[in-house]
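Each chain gets a letter, A, B, C and D, in the order it is written, and its residues are counted from 1.
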Amino acid sequence: MRAYLYRILEDGHEPTPAMRATEILLITLISLNVIAAIVETIAPVHARLATFFAWFEAGSIAIFSIEYLARVWACVEDPDLKGRRPARARLRYMASPLALIDLIAIAPAFLSLFIAVDLRWLRLFRLLRLFKLTRYWSALNLLYRVVRSEAEIIGAAVFLLCLVLVLASGGMYVVEHHAQPEAFGSIPAAMWWTVATLTTVGYGDVVPITVWGKMLGAFISLVGIGIAAFPAGILAAGFIEEIRRGREDRNETRADHATANGTGTPNRTDDGQNPAIPRCPHCGSLLREQ
Amino acid sequence: MRAYLYRILEDGHEPTPAMRATEILLITLISLNVIAAIVETIAPVHARLATFFAWFEAGSIAIFSIEYLARVWACVEDPDLKGRRPARARLRYMASPLALIDLIAIAPAFLSLFIAVDLRWLRLFRLLRLFKLTRYWSALNLLYRVVRSEAEIIGAAVFLLCLVLVLASGGMYVVEHHAQPEAFGSIPAAMWWTVATLTTVGYGDVVPITVWGKMLGAFISLVGIGIAAFPAGILAAGFIEEIRRGREDRNETRADHATANGTGTPNRTDDGQNPAIPRCPHCGSLLREQ
Amino acid sequence: MRAYLYRILEDGHEPTPAMRATEILLITLISLNVIAAIVETIAPVHARLATFFAWFEAGSIAIFSIEYLARVWACVEDPDLKGRRPARARLRYMASPLALIDLIAIAPAFLSLFIAVDLRWLRLFRLLRLFKLTRYWSALNLLYRVVRSEAEIIGAAVFLLCLVLVLASGGMYVVEHHAQPEAFGSIPAAMWWTVATLTTVGYGDVVPITVWGKMLGAFISLVGIGIAAFPAGILAAGFIEEIRRGREDRNETRADHATANGTGTPNRTDDGQNPAIPRCPHCGSLLREQ
Amino acid sequence: MRAYLYRILEDGHEPTPAMRATEILLITLISLNVIAAIVETIAPVHARLATFFAWFEAGSIAIFSIEYLARVWACVEDPDLKGRRPARARLRYMASPLALIDLIAIAPAFLSLFIAVDLRWLRLFRLLRLFKLTRYWSALNLLYRVVRSEAEIIGAAVFLLCLVLVLASGGMYVVEHHAQPEAFGSIPAAMWWTVATLTTVGYGDVVPITVWGKMLGAFISLVGIGIAAFPAGILAAGFIEEIRRGREDRNETRADHATANGTGTPNRTDDGQNPAIPRCPHCGSLLREQ
């Protein structure tokens, strides 16, 4: 029975109707929880539906608690953890990111039984349940991999951004702080304008009014934006590439099987095995023959 | 005669002057209709030219109705539908997206004969006639194909966007709702600021005013924009690639013909036939020899 | 002497000191003219330096007129025009874009001798002298080539932009025109908000105030911006590619020479000559061997 | 001992714990200096912690001075400067960009001992100490290389940007200066609006109010933004490419060693040596075999 539970909750390879149903149920429940947490902040809605929300919250906590316990109980079926003693395997599983997210989703509710916590804050913690969806949608995982693999580039880009941010704020402080002691009275205050400008958000609540301020501001806009757009561009490019790479890996695995079985080509496609396959220096993967 | 009508209306392979004329006439009429629907919302213009607009609308409805009937009548000439019984072929054609768009362009006008519809709404429905241009300009079709082929990436990007949107709105609600109970009084209200910021629109009608709000706002701007730009970047990259692919397919077809007839090269370029042709892992198509 | 003048003014292959001096002089004069036209619109500057600007303008007109006449006189030395009769060659040259730009730079000044033209307008026409720099900086030429070679993609992107613009303006008109009859009183009026939002400029002078307006506005921001960014993205990508192609063409020419003279490789790199060279389907140029 | 000092301060190849410690200490000190310079502009913070900041500044100056002297003293150990006489080698080192940055970080403080300098300005010069981090983070170096290698493209893009900026400002001046003599009273004044619009910052402090102004403004937004985004896009693309190239160079060096030692492949990968290696025309580097 534990194996069956494990297959329903964790194993994604050969989905059965029971697995699908559990998955859809949990995704729906998570989404409804987050929507409830958002909607409840509207005062009139909260006033009218307070009881409903309380019951919904109690039911959600119950289901998520059962889910968490079931996962912890069943995790010893995981092939990666199978050799270990059950207690160690469970502790190890509980320390994994996905299990921690599951814990954070329910812990505050239980904590409030022992400590007096402001209910408002408690409710907002429910927004974090959105992270539970990561299990079903690997976008966060992807982003993490992109940030790690492009860490060097992103680091350089962020340093440049800081440089522009500090120098631009310092410059505007010098030029504008006599004319607008409120908005540009210190460098940290001037940074609010600089961030709004470099990100091209441009609220317009703070704007240079002196001639020199406008000239420096225009110069910062034209030059700084090019540099401030680096991190976003690098993240987006890395994100697209990472997903494409994942898709190709799957395609190539399939293609390799096809080649091995079908045409019997002697060209091996494993990395480093065949020195005759050119490698694209742009994206790092093989320009492989098929 | 039905075959002739079909060739004029639908067949795009060997355009004759009559086909060209019909096409240009219809494109012009659609454009004028949309312009009329836009201009008519200006009160003084509507007051002065009401009669003219009414007659123009009546004429347009007549022409579009004739066009629709002609298309439905002639569609049985379509090679794809030729084997079927005329009635079934026509029903099938009427359920196709392009035919539905044509129906939506005229249906409201006829509906208003039977049901009392607010004339204002009726007029705005005419804006949808713009979709009739899709027949002559495959941009919408392209966009649809991009969205489908990049569905996985776009899904991941949209999930990340939702995550950032919800967390940022929640955070700003916590920090600002005491200072600005109007603009940040609930998470949905705070979302108006968050959307304006993450998309870098930045109207400036709602702006954080507390120190903590400004610090969190600046942090959200700098970090969130990178993530919020994913869907747009992915869409644009996919759009460019999809058109380029279409252009190459045409070029390659031509090149294949040239190769087959001209140089008599034994290298076949059909997919999977020749294991010696490297495949670009970046864009998935063959680095094919010529 | 005409040949010498032609070499100084037009021939860019083997620059001599005289050519360089003429070039730098003309570029400086054009830049000063444009700066003068800009600065002269500042009332106090104009009041003080009116005489100086008048003399500077007279001198510039004189020099540009001499330049224009010299170019027209010398153009018959152009190898492309050499076979023709001088009069025809000159007329043909005068109809070329660069010659027309040169004419526009001086024509208004001469026109004002015969017709009474508002001096203000006349002065602004001087801004167009900026186009004279195109001769020395082929950026405009490049942009033109990009727009032509990507016409199909740009057309599709612009159609999508128009679609989003019309539908978004129509929607906001419906939702907001009761609450804000000034700003959203007609679809053309609503378009001012839509353009500011879709381009992410977001002035904030017009903002939806109803709940439905804010929801639709947020939806338009999130979805529309992705589509509105297409034309800009396509233009920029095409621009980068076009310059890179130009640079490679030059490199490849050099590489071809090196290969032909140096290593004596039998692999010919001319297009279509050697069927064994893979061609990158992404950028269309050969993955050529060296 | 001088060789030991050189190894600790400059040599980055085989880091020892002492080198690491020195590096971390200096990076921390620089960061704290910049933060201090920023925070000190907040009046109440400055009032309270004036003495602390003064001592911190004195200590920092002392350390940076020692660092500078140590570097100048030890630089003769640099293999590149080793052949020369010590005095010449030191002068040469002192003229290098990194040494100049180090000098600028301390010079103003010593200058103020001799000349009466406004203390405010002196404090802001400390922001420039951020540049000292360039030594440890080559982002600035990278940016410089990108700007140089893409100079041609960036030049063309900047020329187009100037063209659009001048023509758009001229046009808005003509259309709006009667209605808003304050904001659009001269072309330089109109440029403030144009820069805010073309960069999509859109503060909203200056907005066209006439019908023609809004139409021209919308047109400028839609068309101009595509062209104004060129420099930023080119910079970002070049930046990503440059880092990727650097990373590949390192990978390729490693791969070359592996190939040479491991598989004994006769294919040499040195540039120009082996005519059979296709070169990617997109990124310019070899599609090299492994």
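Rule of thumb we're sticking to: a residue touches a chain if its C-beta (ideal position, glycine included) is under 8 Å from a C-beta of that chain, and two chains touch if they have at least 3 such contacts.
Just so it is clear, the structure is predicted and the values come from calculations on it, not from any experiment.
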{"item": "Contact-pair overlap exceeding half with A-D, pair selected from B-D, A-B or A-C", "value": "A-B"}
{"item": "When chain A is superposed on chain B by its C-alpha atoms, the rotation angle in degrees, nearest 5", "value": "90"}
{"item": "Taking each chain's C-alpha mean as its centre, the one farthest from chain A", "value": "C"}
{"item": "Same-residue or different-residue interface between chain C and chain D, half as cut-off", "value": "different"}
{"item": "Chain B and chain C, separation of their C-alpha mean positions in angstrom", "value": "29"}
{"item": "CA centroid of chain A to CA centroid of chain C, Å", "value": "41"}
{"item": "Residue numbers of chain C (touch at least two other chains)", "value": "196, 200-204, 237, 277-278, 280, 282, 287"}
{"item": "Interfacial residue positions of chain B with respect to chain D in the complex", "value": "200-204"}
{"item": "Chain D-facing residues of chain C, complex", "value": "34, 37-39, 41-43, 121, 124, 127, 130-131, 133, 137-140, 142-143, 161, 191-192, 195-196, 199-205, 231-232, 235-237, 239-240, 243-244, 247-248, 251-252, 258-259, 263, 265, 267, 277-278, 280, 282-283, 285-290"}
{"item": "Residues on chain B engaged by chain A in the complex (per definition of touch)", "value": "152-153, 155-157, 159-160, 162-163, 166-167, 169-170, 173-174, 185-189, 196-197, 200-204, 207, 214, 218, 221-222, 225-227, 229-230, 233-234, 237, 272, 275-282, 284, 287"}
